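Note that the chains are named A, B, C, D, E and F in the order they appear, and that numbering of residues resets to 1 at the start of each chain.
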Amino acid sequence: MGLEIMDDVRRDYIYNLVKRGKREDGRDFRDYREIKVEKDIIKRAEGSARVKIGNTEVLVGVKLEPGEPFPDSPDEGVIITNAELVPLASPEFEPGPPNEDSVQLARVVDRGIRGSEAIDLSKLCIEEGEKVWIVFIDIHVLDNDGNLVDAAALGAIAALLNIHIPAERYGLSSSEGEDTNTLPIRDKPVAVTMVDVGGEILVDPNYNEEKAAVSGLTVITNTDGTISGMQKYGREGLAEDKISEMVEIGIEKADELRRRFL
Amino acid sequence: MGLEIMDDVRRDYIYNLVKRGKREDGRDFRDYREIKVEKDIIKRAEGSARVKIGNTEVLVGVKLEPGEPFPDSPDEGVIITNAELVPLASPEFEPGPPNEDSVQLARVVDRGIRGSEAIDLSKLCIEEGEKVWIVFIDIHVLDNDGNLVDAAALGAIAALLNIHIPAERYGLSSSEGEDTNTLPIRDKPVAVTMVDVGGEILVDPNYNEEKAAVSGLTVITNTDGTISGMQKYGREGLAEDKISEMVEIGIEKADELRRRFL
Amino acid sequence: MGLEIMDDVRRDYIYNLVKRGKREDGRDFRDYREIKVEKDIIKRAEGSARVKIGNTEVLVGVKLEPGEPFPDSPDEGVIITNAELVPLASPEFEPGPPNEDSVQLARVVDRGIRGSEAIDLSKLCIEEGEKVWIVFIDIHVLDNDGNLVDAAALGAIAALLNIHIPAERYGLSSSEGEDTNTLPIRDKPVAVTMVDVGGEILVDPNYNEEKAAVSGLTVITNTDGTISGMQKYGREGLAEDKISEMVEIGIEKADELRRRFL
Amino acid sequence: MKKEGIELIKDGKRLDGRDFDELRPIKIEVGVLKRADGSCYFELGDNKVIAAVYGPREMHPRHAQDAKMAVLKYRYNMAPFSVDERKRPGPDRRSVEISKVSREALEPVIIKEFYPKTEIDVYVEILQSDAGTRTAGINAASVALADAGIPMKDLVSSVAVGKIDGEVVLDLNAVEDNYGEADMPIAMVARRNTITALQMDGRMTKEEFDKGLKLAMNACRQIYELQRTALIERYSEM
Amino acid sequence: MKKEGIELIKDGKRLDGRDFDELRPIKIEVGVLKRADGSCYFELGDNKVIAAVYGPREMHPRHAQDAKMAVLKYRYNMAPFSVDERKRPGPDRRSVEISKVSREALEPVIIKEFYPKTEIDVYVEILQSDAGTRTAGINAASVALADAGIPMKDLVSSVAVGKIDGEVVLDLNAVEDNYGEADMPIAMVARRNTITALQMDGRMTKEEFDKGLKLAMNACRQIYELQRTALIERYSEM
Amino acid sequence: MKKEGIELIKDGKRLDGRDFDELRPIKIEVGVLKRADGSCYFELGDNKVIAAVYGPREMHPRHAQDAKMAVLKYRYNMAPFSVDERKRPGPDRRSVEISKVSREALEPVIIKEFYPKTEIDVYVEILQSDAGTRTAGINAASVALADAGIPMKDLVSSVAVGKIDGEVVLDLNAVEDNYGEADMPIAMVARRNTITALQMDGRMTKEEFDKGLKLAMNACRQIYELQRTALIERYSEM
């Protein structure tokens, strides 16, 4: 009960701020918090990135291992995206198998990478129908102060850039030229998440703003401005024009993030 | 506590009816409720049947997929029977892994099909020791108003009749004549379930009668009148002569159902 | 609450006994309870032993089956040690997947066998990189009156001695001489567990002594007096000299057990 | 993730003969289950789904209760035989996500404050699948909630749009989904123009998105009329 | 499901030399475990099983308690080394069904009303298996319940009959079970002629069934005497 | 279990140039996470671990509460990308055992009586592994507990010793662990000379053990100073 009252108080506080054109941390409605991206920080991974957006911190590691292709695409590599909301990152996260929040986080990030066809999966075939490279994208959340999706998506694409395929480790020498051992990345999908608080669109909601919002939208867009993934959240609906506006903001902010960090 | 009292009231109600020679829905003790069997209603399945017995409704789908044989029968197909008591079908069913009721349902149906040797498993070998057809019999309960076993068993054998082996889909062309692609069914086992209420044998118990009964028996019998499966239920015992009578009724009613629906 | 008080009472009782130089069952501090080891009591297992230490009773069965080697040791057999604290053995054991106590029990026993290199794993290769013998050591606890580790470790090595590799059953005839079908055991690791109660070291704690102790140590030693495994337990620390003394006792008692039972 | 090599549009028509803005045939039956408090069978082309609603009923465990309102639960589940390759029973990541999105699609219309401390359970079973099961499930669930007498502000209607052979089209079937370029399921309170679910995967321009959204919203209005008609028929029978 | 190719009967005797109506050797030990409230070790030929009983004890979770009587639980579990091919630890579908059937076999004799809100736990471990483990388990459990002082109306006895080489025979061993034509385990309150468990698989005529049932019931009466004797010996020792 | 064929010591130095009694470089950062009540990032050579502490907080489920003191929980978890071959998410037997041993390593210093009925949660994530993660985790957790303000009698410090090429050496790295002869992690309340965790696998003589224990205890004293310094710096910043 105590906690529920706290929720109401926080919601009112955020709502009243927004109504006066303000945000808790002084940002403009369209501004991200400070972003830091560090690449290649995990030796054991083929690629990795640590992304901080304000106090939110996400570590993404990418590993490649040989494995079986899906029966319906025998000559293509496989992407497996997984998110762990480890209890270290928030008092609300509990140990255990993936729940709907971690599943959704992984699947939204995954969808952006797939939709943009950022990874050329046809280059990841080792032996048709038998063996292909499995690309494991593991999202490890370290500190949750809101907007995990944007941090995870940015970390995923940052970690994917510049990956060396570990052919030697698995005794799979590549007969052809040396650059066949680099994972080819064809696009740079970037996620931008917005929430609706009191009818206003806030970009990059922090934890309290997420809790105060009644609905939200993630828009994932590509270098050419096309959309490669979307997901609506929350217990209330969104009007058509609001969605359209969010998509426009999404394209614009993604472009900015892409130029600054990728 | 409230629910327990309701259980007692219902038990007394059913018991008193039976003592006066009556059943809740006006049937004779040896009568089934109205039965409907619809076949081949699921396109994606190699065989399917929807069975309604009164308000009880069960959907059975059969799929065939190539898989590994058991080590001790390398040249035989495999039957896997599974029952899902999905929470859609009853306020008492809960989501989650199979519990003892769904396991028992699946195993009793499975035993009838195995015992009768209805499926000639030796015809389901693709490559000895390596690859055989796995016959998945999936029992999906949609509405539980009692006597799931008879509905599921009837649905299973109805779905198994007239199955086309999907050799093409898996690139397994059959070199021999064309009828090798039909699943050979050699018998038609039919389950008949009875309960004991106040010393009387009721055929095809509905939900309330099941709850009021202290014991029950399923008898599965074949075209030639032999028995290919039995299972006793309940928290009280049954006398030898009662069991013998139930077996006789089981043979007789199964014959009737077989002629009407299979 | 009642149970907690009982715990305190028992702890005080054991503590006060020890302070007067006594143990609940009249033993000296350095004595084991009566030990019985029966070998080859389970026909279906390649090796088995039942060990009783006082009222504690553990059954260990060893089975060998062909399976895949680990990628990093393609020409070596695999040891899998598993412990089941089945609820039959104690009112405190609950059905379900392994918990930290059963995992620790299995791993400590496993460590002793691995550390001593008792099993020559290079002799268990069937086909390099493809097929090796998996040695399943299954610890089945039947009655827990304390010191499961020593009983399980003694049972494991007793069961491992004199094992016939079941090559025939799996159609794997051994081309060479007949003694290739005996599992070669190169050492006899023995575990000795001690606890600290009131500053005194008690060997082979029974259930009540385990509960009363604040810390304990298992020392696993080999025929030549070397150590091949250790594990400290409990919610308090141990001083260096106490550990050193325990190791000496461990070596001495292991030697005694080895001579008497292996 | 889309595969190439199949021509999905010929002479301005889709492979199944439909126009770009044409729904597959829809069939709705209300109150098809006896044990459930409300139920609905929904066909969308070759999709066959059934929804049941139980509740409001006491919520277990108690510490999960909400003192101010009912808790809505939604379980999307595929029958093992509903797809070409047998689906292993039990939830997978896809069904966990669909359940969450579908619940949020319905939440805006349910007046949960009427029944504090209770839960309302929506169970959706996919009996046969041909792309579009999540939208069919939401449509079925919406009608089943009404059939169960759950107080609602309005019905929710759902459909997907997508892009095949470069064209924005309504309500992809399985072949179109497998070989198409994008898929975007939405849910909507048709009479209020409020979008309550929106997912998208594949690749689309902003213009295609705008066009697709309008197409979907129009189709939701059609579906709404069918849902309404089915409910009216059901209650005029009674 | 039965395989062919082995002659199971020669010169009117079974492969292990038994007559058609002959039980395998039985050994019963009562009170073999210290921690359990009651226990029994039971051998039936090469089957070695042990049963322990705990309770009546407080039931958790509380909402599963029955205000009017004790709840009986039964867990049948095979040790990994009890069978030729190592059994993976943990319950499988077979053991879940056997646990249910065994619990129902014992329920009719237990006076559960004496201990409302409690649970009585029966744990059966199969240490070595040779066909007939479920019947051996029920026999062991019945004695262990008595050893634990659980109030019972009578003991339950259990045995299987089956059909091999066309003959109805008592108490199949593993070879007979693998190559035979039918198997039918039953449990019975021997002194009341009440059948409390009955399962059958394979294929039998009605006449064979009748014959088998009589054979099994007679054997249960023999087993009952052995159970009774074992209990009497145990208590005369004490 | 150790493999042969790699020379681990050349000219009296280890492959990474360290002396036998030399620790790998250590880096400690305190208070690195915002949401946690206390946290610590700890590097030991190529090991990168992070620990967070939550609590004391109300314990669920209630029946697991201890009326006299707080319950300490410890979860050691490896990130999937922390090792060469991807680790499947979720606990395995190794991490279950390490969690238990690590919890017992810390328990002796925590004054649990101050917070009855609560739980104190320690979560340790291994981000990059190079042998020694459990000791790095205990070191990080000890500092994180202090950072969270949990009342403690002292800090706990932890390190492993082992045997490679016949020599007893401090703080094995992954190559040394894979090809060495023994490994022995310990934890210690450095200022009290009390060993709170001790595990050993491989093979050692009693003399090697004694030597190794002394080596480890000395190293723990060094680590203790680094932990203390890191905490002092943290609080002098504030």
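Please note the rule applied: a residue touches a chain if its C-beta (ideal position, glycine included) is under 8 Å from a C-beta of that chain, and two chains touch if they have at least 3 such contacts.
Predicted, not measured: the structure shown is a model, and the values here were computed from it.
Once subunit F is taken out of the picture, touching still joins all leftover chains into one piece.
Touching subunit C and subunit E at once is no chain at all. The greatest centre-to-centre distance from subunit C, using averaged C-alpha positions, is reached by D. Centroid distances built from C-alpha atoms place B farthest away from subunit F.
Centre-to-centre separation of subunit B and subunit C, using mean CA positions: 48 Å.
In this assembly, the C-alpha centroid of subunit A lies 26 Å from the C-alpha centroid of subunit D.
Each chain gets a centre from the mean of its Cα atoms; for subunit A and subunit F, those two points are 32 Å apart. Residue positions of subunit D with contacts to 2 or more other chains are 85.
Among the residues of subunit A, those in touch with two or more other chains are 98. Because contacts link each chain to exactly two others and close back on themselves, their graph is best described as a ring. Taking subunit A first and subunit F second, the full cyclic order of the chains is A, F, C, E, B, D.
The part of subunit F that touches subunit C in the complex is made up of residues 1, 3, 67-68, 85, 93-94, 96-97, 99-101, 104, 107-108, 182, 184, 188-189, 192-206, 209-210, 213, 217. Subunit D meets subunit B in the complex at residues 33-36, 39, 46, 48, 50-52, 54, 57, 75, 77, 79-86, 89-91, 121, 123-125, 127-129.
On the subunit B side of its complex with subunit D, the touching residues are 42-45, 48, 55, 57, 59, 61-63, 65, 82, 84, 86-91, 95, 97-98, 136, 138, 140, 142-145, 169.
By the touch criterion given at the top, residues 1, 4, 71, 73, 98-100, 103-104, 106-107, 111, 114-117, 217, 222, 225-240, 243-244, 247-248, 251 of subunit A touch subunit D in their complex.
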